[in-house]
Structure formats: C-alpha cells, structure tokens
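In the two assemblies presented below, chain A is common to both, partnered first by chain B and then by chain C.
Showing the complex of A and B:
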C-alpha cells in the first residue's frame, strides 16, 4: 500500500505510525484453527431448543390461539405466548427516546407481516420443537394488506401499525424529516436546466454465513448468561432488561464474535425470548434461526425510493436540489426512523448546493420489518445521487468528474442541515482517483484543495 | 428414540458414541464429541461451512448421517495443526488476510486441503472450482483464492 503523505502535508499533525502497516488480525489464529468460539459452539447439558410459530399471513387479526396439542407433544417442555412476556410491546430505539413502542415480542391480537413470531415452543430436541410448533392452532381473520409505500401513504390505505396511528413515522417535524436551506424555487427559476428522476431499490438480505441466534444459561444466582452473536451487545442487554422487566445486573451478555453481521444482527430479536424461556423453565435454551428464517425473517435493508429534482447551470454549478425520500420500514420501526433521518441529512451528497429542500418519509407497510445494513439510509441514496450526477453531466455536456469537482464540498462550506464542513478530503480523493483511473481532468481541478480556498 | 453406536477415527484418535438414529455427523461432532470446528451455516448442504474430510473425500457433514461413518477416518480443521505448528494452509489464510468473521474458514480450509492433497500445483481455476461449494460473505473470495495458491507454492518449495 502506498501512503501519499504529500496531501495535507502542511496541516498534518500525526505521524501515521499504524496506517499503512500490515498488522495481523487478532482473531485470525482462532479462525484458522477452528478454535474461535461462536455462540452456537456453547453446549449445555439439558439445553432446550426454541422454535417459533410464525404468521402465514401478511396482515391478520388473531381470533384465538390453541396450544393444547403442542403442549402434549412428546419432548415439549413449555409453550410461550404474548401473555408470558412481561413487557411485550417494545421498540429498540426507545433507549435513545425514539418511540413509540410499536412491536410485539410475541404477537398479541394481530400480525402485521408474514413471518411474525406468534408462539414460542420449547422442547428437548430441535425436532420435537419443530413438530410441536406445527401443532399450534392459530385462528386468523385475514385483513387487507399494503406493500407499496406510496399506496400506504394514500388516504384509506389499510392501517399497518396502530401504535403509530398512521402509515408513517411522526417526527417532531411532522410526517417527514425536513431540511430547508436557501430558496429552492428561486434556485430552479434561475437554473439553465432542470432534471427530475426517480430511483428505487428492493430489500436486500445480509445473508451472513452464521445465522442469528443465542444460547442462554441460567446461573445459580438468578442471573442469566446469554451467549449471542448480536452486533449490539449493550443495546440488546438494555432492551432485554426492559422487555423482561429484569435488572440489567441479572443479565450477563457474552459476545463479540459474530459470524458475519453487516448490520443484520443489531435488532433485539432472539435474546429476550430465549432469556425468558430459560427463566421460566430453569434450563439452558438455544434459539438459532434456520437458514430459511435468516433469509425470510431477519430484517433486510429497507426498500427505498428517492426522487431527485436538480437545477443546474450550463457551467456545471448545481443551484437547487429537491429530494423526496421514502424508506420502507415494513411493519415496525426497528432502526428505520433513524435511517430515514440520516437520509435527510445526506441527500445533498458531498456537494455544496445553495438551495436545498428535502423530505424523507419512514413508511409502514405489511412487509418484513427492515433495519440496519451497511450505511443504511445513505447507501441507496448515494447510488441515486451519483447516477443523477452522471445524468446531469450528460445533460450539459460536461465531464462527469469535472462536474463533481465544481460542486464538491470544501472545508468551511455550510451543509444544508447546518453543519459546517470540516476535514473534507473529497477534492484530494478525486484528484488521486483521476490519476489512478487515468481519467484526466483540467489542470485547474488538479490544483484545487479541500481546505485552501481559492487555491 | 433408538440410539445407535458409532465408532470412527477423528483427527487420529478413536471416538465411540451413541447417537440417535438420523443424527448428522455435523451434530455428532459438535454436540457429542465436542469438535466445534465444522460450522452449521445452513444444515441443508448449501454453504460448505460444515465441510470435513472423510476417508480422503471432501464431505458436507450436515448431509452425512453419523451412523454411516462407522470405521471412517475423519479429519477436521481442528486437527490440522501438528504439534502446534500451523499447516501451510492455515499459515497462508492467516498471513493473507483470508479470514474476516472466520465462520467459513474451517470449511474453506478443508476444501482447500483436499485440493492440494490431489493437485499440489493447482491453477487459479482449480482453486476456484475446489472452493465453489463454500460460501464466504465477508472476504469477496479473492484473499482466500490467493491464500490457497500461496500455500501450494510454500508446499512445493518445502518439497524441492
């Protein structure tokens, strides 16, 4: 690896002793010898297996649940329903005051997506748990469902989640997260060209090689040790503490070794119910998603729709940008209100645009709840923005890299959400990319700097 | 459920266990014998994380019934290092940054070992073909392919 120390040479204060040095990963010796302990490598005598009964419907009222046959199945130790969960309605971001609580650990009266957890079955073997789960009888009254974000926002659409009362997340700013900067209509009036385009994406599954799960062991002192592959240890511990109405000091979480996460293991999904099962049975409990559950049940990246309208001058300056973003949360919030909010701050892109108007909606539909995935809230936006930049360049007959130099943000520029730009290195990255990709740009762009204005 | 006796050699030592009929070799190794180096990524023969070597052949232990392994000679990644010295494949994976989360690694190393045992100087295509049953979601495969090629080079230098 080549380290270019000539960039920022006059403002650089560190010696960069580590960056650019090859360093072995600390966990690799365990990986190559098969000694790394993943959660599922813990095995306890008498461990029970948990299997979920899941909703076969996208949206339905639950008339009744009959677990009597399942309870009689050989090997079954316990069957859990909503009434066994101390604080059944939760939302993970409540820890940072983003409510309302809108999701059930086990469905209570209603299911809002196909695959939603309804009843948990605990048995001596995985097979017995599976067979017993098939014997749970749930009587459903199927309700109309909505799968499209724009349909969901129309008046008269089926209401997905009563805890919200409408099919969008209500921010303190109203039905969407808003950014207003300058006068976008004046910007469009002044522009030489206007380009409005719409971009959309489907949900994406992380598909980690190790599926989501945990193993819980009750300790002698009324504490529970939870071996988990969560990517969010303390987040999960605190939410489990709320759901179980149990002091955090009773919970001991062991983790940090994750067989692939990519954001797919930050929801608090398996741990609370497994800890509850261990508490109610007094036995170790293992709850691991099957591969099918990992693909169908675990949260994907949200589907998004991004509509971008830009006003651009012939010389390449973007003078106005209006963006409407839609994030499909599926049936529950999880991390999506935060993802949509990140999008609002991000949609101007790494560009300084004097007039900006952004609305981002977090929309509820009867789809699998979405959540975090690598750069959620911004990755799809970046795809949309950069395709849009190429289209703008084509529209005005300009080199696409030069268009980006003209609009690149630089230190001291005010961003649309009122954060001054600091430590931007976009110009320098593009200069290096121009050389590396052998995509030459005019000399004046190669002389630009992120922090020396006028240079 | 009826239990059946199974006896086999695992990484050079004799093992004897009673397992429920229908138990997979993967579960027998992990839950009964305590060798957790083969991983269960799918339990349906699609990810390769459970790969082991049975009588010199690469096998998916999640699709192999333990009761069919009587008398077999089974090798797993846990038994690869001899006397605390890493096998060249392990060394190459370590040095070549070919592991990230590590969940696919034991299976990858098994698949690569069967390849190098048969084809000491494989082409890149040979390596890709040999690893084609093993899923890695982290590395993008390239460091793994390079690690196998470099282990092969290290092996042939040792022989020469």
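Showing the complex of A and C:
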C-alpha cells in the first residue's frame, strides 16, 4: 500500500503521535494463536442444542403440526411452536418506526419461503435435536409461489406477504422511494444520444468464517446472558425484548468478537428463540447455524435489477439520467426497505447531472429474505452505473476515464437529493489511477481539482 | 480460440453512516488509579480491528501511548448504546464519541495536574509519552501515573468523560426525495486487467490497481488489510459468487464451499492499493468509512475489462464462464 500524502496536504495536519501510526493490533496474537474466545467457545453444563424444522416449500399453508413423535425422541427436552412465542409477528426496523411487523419467529399458519423456521426442537445433543426435528410432521397445502420481481409486481400475482397486502413495500412516497431533480424529459429531449440498459445481480452470501449463532445461559438472578456474534448489541437486545415481551433489564448481551460479519449478522434471528428456549427449559441453550443454513437460510445480499436511461451529449456531458431500481427482499422486509431507499439516495452516482429521476422499489418474492450486506443499497447500483458509463463512452467514441472526468462531481455541486457536494475526491482518485495504471488522459483532466473557488 | 486481454475502469463514491435511520453512538472513558484509560462501548469488532482504532483515537486525544488504553466493548451491562457495526459507521460514529469522552477526561486530568504543579491547566500539554508538562518549560512536568494517583487518592477527582455522537434522522421528502443520507463520502477508482479464454469463458484477473480516498488512514496497516480484503471480495462478487446461480430460479443453490464458489489463493489478482486522504469535516481526525466501498469498484471494473477483452457485455452478476460463452455464441451467430 502506498499513502500519497501529496494530495490534499493543504487541508490535513499530519505528524500526530498515535493517529496515522501503523500500530500492531492488540488482538492479533490471540487470533493467530487460537486464544481468542468466540461465543461458541462458551460451554455450560447441561447445555441444550436447538435445531429448526424448516419449510420444504416456497409457499404453503400449514394445515397442522404434529410434534408428538419428536417429543418422544430420546434426548428431546422441549419442542417449540408459534404459540410459545409471546410476540411472534415482528420486524426489526420497528425500532426506528419502520413497519409493518411482517415476519414470524416461528411460522404460524403459513410459510412464505423454502427454509422458513416452523418448529424449534431442543435436545441434549445436536444429533438428537436433528433426528427429532425430522420426526415433526407438518401438513402443508402448497400454494403458488412467485420468484421473479417483475412477475411479483403484476396484477394477479400470488400475494407473498399479507402484512403488506401487495408485493412491494409501501413508502410514504408510494410504491417506491422517489428522487426528482430538474426535468428529466427535457434533458432527454436535448440529448444527442439516449442509452437505456438493464442490469441484474443474483443473491450472494456473506460467507463469514464463523456462522451466525448464540449461546444463552439463564442466570440465578432471573436474567439471561446471551453470548452472540451479532453486529449490533442493543439493536438485537431491544428487538429480543419486544419479541419475548421481556423487560430489557432481564437481558444481558455479550459479544464483540466476531468471525466476520459483512452485514450478515444484523438480522435478529437466533437470539430471541434461543433466549425463549432457555427461559422455558431453565437450561443453557446454543443455536448455531450450520454452513448450509448460513448459505441458504440466513439473509443473502438482495438480487437487484437496475434500469438506467441516460441522455448524453457528443462532448460527453450527461444531461439526464433516469434510474429504476428493484430490490428483491424475498418474503420479509428485514432491512430491505432501508436498502432500497439508500439506493435512491446513491443514484445517479458521483456525477453532476442536471436532470435526474429515480424510483427504487422493494419487492417481495417467495425466497429467503435478503437483508444488509457490505455495500448495502449501493454495490449493485455502482456495478450498473459504472458499466453504463463505459457503454456511454464507447457510444460517443470517448475514453471511458475522460468521460468520468467530464461528469465528476466537485465541491459545491448540487446532488439529486439536494445536498451540496462536500469533500469530493473522485477527480483526484481518477488522476492517481490514470498514473498508476498508465492510462493516460488529456492534460486538462490531470489539471482538474475537486476544489472549487469559493465553494 | 485465444486468450484475450482487456482492461476496465470504474470510479465510485460511498456514503458513511445510516442517517436515514438516526445514527447515535456513545462512549465512556475513565482512568484507572495508575493512569491507564478504559474506553467503554457497546460497539462490535467484526474482525476489522475496531477495538484497536478506538484505542488509538482515545490515546491521541488524551495524549498517552496507545498501549495505555484498554477497550471494553460489546457488553450491554457495561457499555452505553451504539447502533451497531454496519453502514461504514463504526470508526466514524464511535470514533467521534470516543473523542468527546476522552476530551472531557483529559480536561479533568489536566486540572489535577495543574493543582499538583501549581499552574493553570490551560498552560499544560501532554508529551504523548505519558507525561504532562508546562508549555515552554518542559522541565516542569508530572507523569500521568502520578496525576491519576493524586486524582484517586488525594484530590477526589474522577478522571472520566462521556461521549455522544448523534446524526439525527433525515426523512426523505416524499415528492422530491430531498434528504441527507450520509455525512461524508469516501471515493475510489479501480483499474482492472483481465485475461479471458474465449474457448472456456474463464476470466483471470491479472491485476487491480485501486485508488481509495478515505479521509484519513488512522492506522495505515489496518487500512491496508481492509482495503486488500475488500478488493478480493469485489473480484469474488464479480466473477464467482451467488446463492442462486440461475436466479430467479431457486434451484442449484450452494450449501457449502465446494458448491458456493469463491476464489482460492491461486485465483487472487496482483493487488495494488493507493490511499489518498482528504479529511472529512465531521470525522474523527478526518476519517471516513472505507469498510464497504472498498469492495465495490472492482465489480464494474472487471465487467468493463471483460468487454474490452472479448467484446461482449455481461450485464448480469456473477460474470460466469457460462454467461461469457453464451454471449460469445450469440455474438458469433449474429
């Protein structure tokens, strides 16, 4: 790595004692010698193992659940269904008043994605829990499912989630989050060229070394200690408190050493049911995702579809950009309404474009609920935007890097979401990339600056 | 049939924080009797090294070496509230809270030192090595060890401080979308060079040159580990990964690392990292959040490089050999 201190030296004070110093990490020796303790290193006498019975169907009504055989299985201590959960219908962003509550801790009457948790089995050993889970009999009536976002948005599509009433999240702005800036149609009318292109991504996995999980121990003082690898301690505690209808003071969360998160550990999935199990059995409980659960059950990054329509001049100026983004939330909201909204704020990218129109939709389908992941609401947008920039450059016969200089935002430029640009540095990054990659651009671009006089 | 070479570029920015939800984090700092400093948080270290960075931020602010700072975090019985570690917010939000708490503790420390030295607190400075001295008269000094002992056992002062950093929630305007979604933006530009085998559709990323502007590299070694890891993750996202290979079809989802493809050590590109620092006006020592954005620009850069190499656009992620071969076939047909 090279630190190029010559850029922005006029606005930076260097020479501090501790900041800017490459101090060795205090936790490194523990990590590399195996001495660091993770949540799963907690082992308590009498600890029970929790395994989930999961839906084999993408969409089905539950006619009945028979747990009698599972309860008789040797080693089984308790079997939990929806009626054991005090506040079974929940949504995690309710903490910031983003509803409606639309998801169940354990399925109640219906499953909406293949893999949805239906029954929790607690046993003395992991194996007994697994074997007993296989003995739970659930009678399903399979319902038509929808997987494609465009199909889901059509009239007459199977309704994925009754708590929403339609297959998209209803914002206060309507069926999508909107950004309107300038007059996009007038921009297209004046453009020399129009280019409309569609981009698509697939769900991806966070792939942490350590899978999602927790260990819960009931304490003698009527409190529960939850050792967890959540990325958000109080967010998880407060949501667990709502789901369990248990005062937050009864809960003690201990975490903070996580084997990789990448956004995959901000859904509140394992902790509430494990605490409930510890409460109902009076015994320590561990609930740890298998690798298969981590890959197909825990939320992936959403698949997204992004349609970009640009109006560009022969000289490279983009005069209008219209973006329609679709985020595949799967069957439940989790963090997706937030991600789609964050996407609306991110477009049209780090470029100053006078006429912008953005619509971003959060769409429900019968698949594993997606949620946050590194680059949430932005990563796929950047893929679409930057491939589109390459296509625009080739369309007008311009160098792709030079096209970006022409449109790059600079200090003081008004963004589409009506915030003035501050602290821009896109131009300097491109100048350095031009040098480092030996990708020459015209001297006028190398002389540009993100600073603007008076800005 | 041939191996074809191409290169592509992408430039991006990235917002720090989750303004659209309201974004608070708190920190507490106190001194032990012998002048070590405890930072208490509930923020989570995901492995990126948050504890280390909070220690350095506290040390710089108080004016002691980093090894005199202990970070106690992610225990809800002791640590005050933090929204969580996501949205590239950890260093920025918690760092600001730690600075505020450490400043308050530092002020008490200087006041106690001033009483011991019989000078005004405003005339004192720290030497960064564990001592407090009179500005312009460094021979008149006292160790922080002795100041802490005095505060605890003689003067009855608590060398401690409270820190709170809140970005109030921004509500998007319904019709225009006017909003303040972030506090500051990090930037990047990546150039990727690839080879594409037009017989097998296989892509080899030869090298990526990443330029990142991150406000301030608080610990350059840790910045490097995060940026290199992010760059690899971006390449993996571009070319390998998905839980649903034929999305929106739900079949064929991988359930382990044999089926869910990621690049192995032999597949990693030569990776160059260049860092620029334009301090943000509201970040701790100017830092922005580089945690997420560093994995983004490689994806379009690789996609553009594939086009440059073989002349087909793969607008669907991941850019698999199958998709490339199908596109080449379509191109040849027509």
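The definition used in the following text is that the second predicted complex is superposed on the first by the 441 of 455 C-alpha atoms of A that agree within 3 Å, B and C clash if a C-alpha of one lies under 4 Å from a C-alpha of the other, contacts with A are read in each partner's own complex, and residues count from 1 in each chain.
Keep this in mind: contacts are C-beta pairs under 8 Å (C-beta built on N, C-alpha and C of every residue); 3 or more make two chains touch, one makes a residue touch a chain.
Remember, predicted model here, so these are calculated numbers, not experimental data.
Touched residues of chain A were counted for both chain B and chain C, and C has more of them. Once chain A of one complex is fitted onto chain A of the other, the partner contacts of A:416 are limited to chain C, with no touch recorded for chain B. Applying the stated contact rule after C-alpha superposition, one finds that A:130 touches neither chain B nor chain C. When the shared chain is aligned, chain C comes close enough to touch A:172, but chain B does not.
Judged by the touch definition given at the top, the superposed model places A:259 against both chain B and chain C.
In the superposition on chain A, A:324 contacts neither chain B nor chain C. Looking at the shared chain after the overlay, A:281 reaches neither chain B nor chain C. By the touch criterion defined above, A:40 lies against chain B but remains apart from chain C after alignment on the C-alpha atoms of chain A.
Contacts of A:341 after superposition on the shared chain: chain C is touched, whereas chain B is not. Looking at the shared chain after the overlay, A:449 reaches neither chain B nor chain C.
Touched by chain B in one complex and by chain C in the other are residues 24-25, 27, 31, 207, 258-262, 291 of chain A. By the touch rule above, chain A contacts chain C in their complex via residues 1-5, 7-8, 11-12, 16-27, 31, 58, 93, 96, 98, 114, 147-149, 172-174, 177-181, 197-205, 207, 230-235, 237, 251-263, 265-266, 291-292, 295-296, 300, 303, 328, 338, 341-342, 344-346, 349-350, 358, 365, 367-368, 372, 374-376, 378-380, 382-387, 389-391, 400-401, 404, 408-409, 416-419, 422-426, 428-430, 432-433, 436-437, 439, 450.
Those residues of chain B that touch chain A in the complex are listed here as 30-31, 34-44, 46-47, 49, 76-78, 80-81, 86, 90, 93-95, 97, 99-106, 109, 135-138. Contact residues on chain C toward chain A in their complex (touch as defined above): 7-15, 18, 20-22, 42-47, 49, 51-52, 55-57, 59-60, 63, 65-67, 73-77, 79, 81-87, 128, 169, 172, 174-182, 184-185, 187-191, 209, 211-213, 215-224, 227-228, 230, 233, 237-238, 241-245, 247-250, 253-257, 260, 262, 272-281, 285-286, 291-293, 295-297, 299-301, 303-304, 307, 313, 315-318.
Within the complex formed with chain B, the residues of chain A that make contact are 24-25, 27-38, 40-41, 43, 206-211, 258-262, 290-291.
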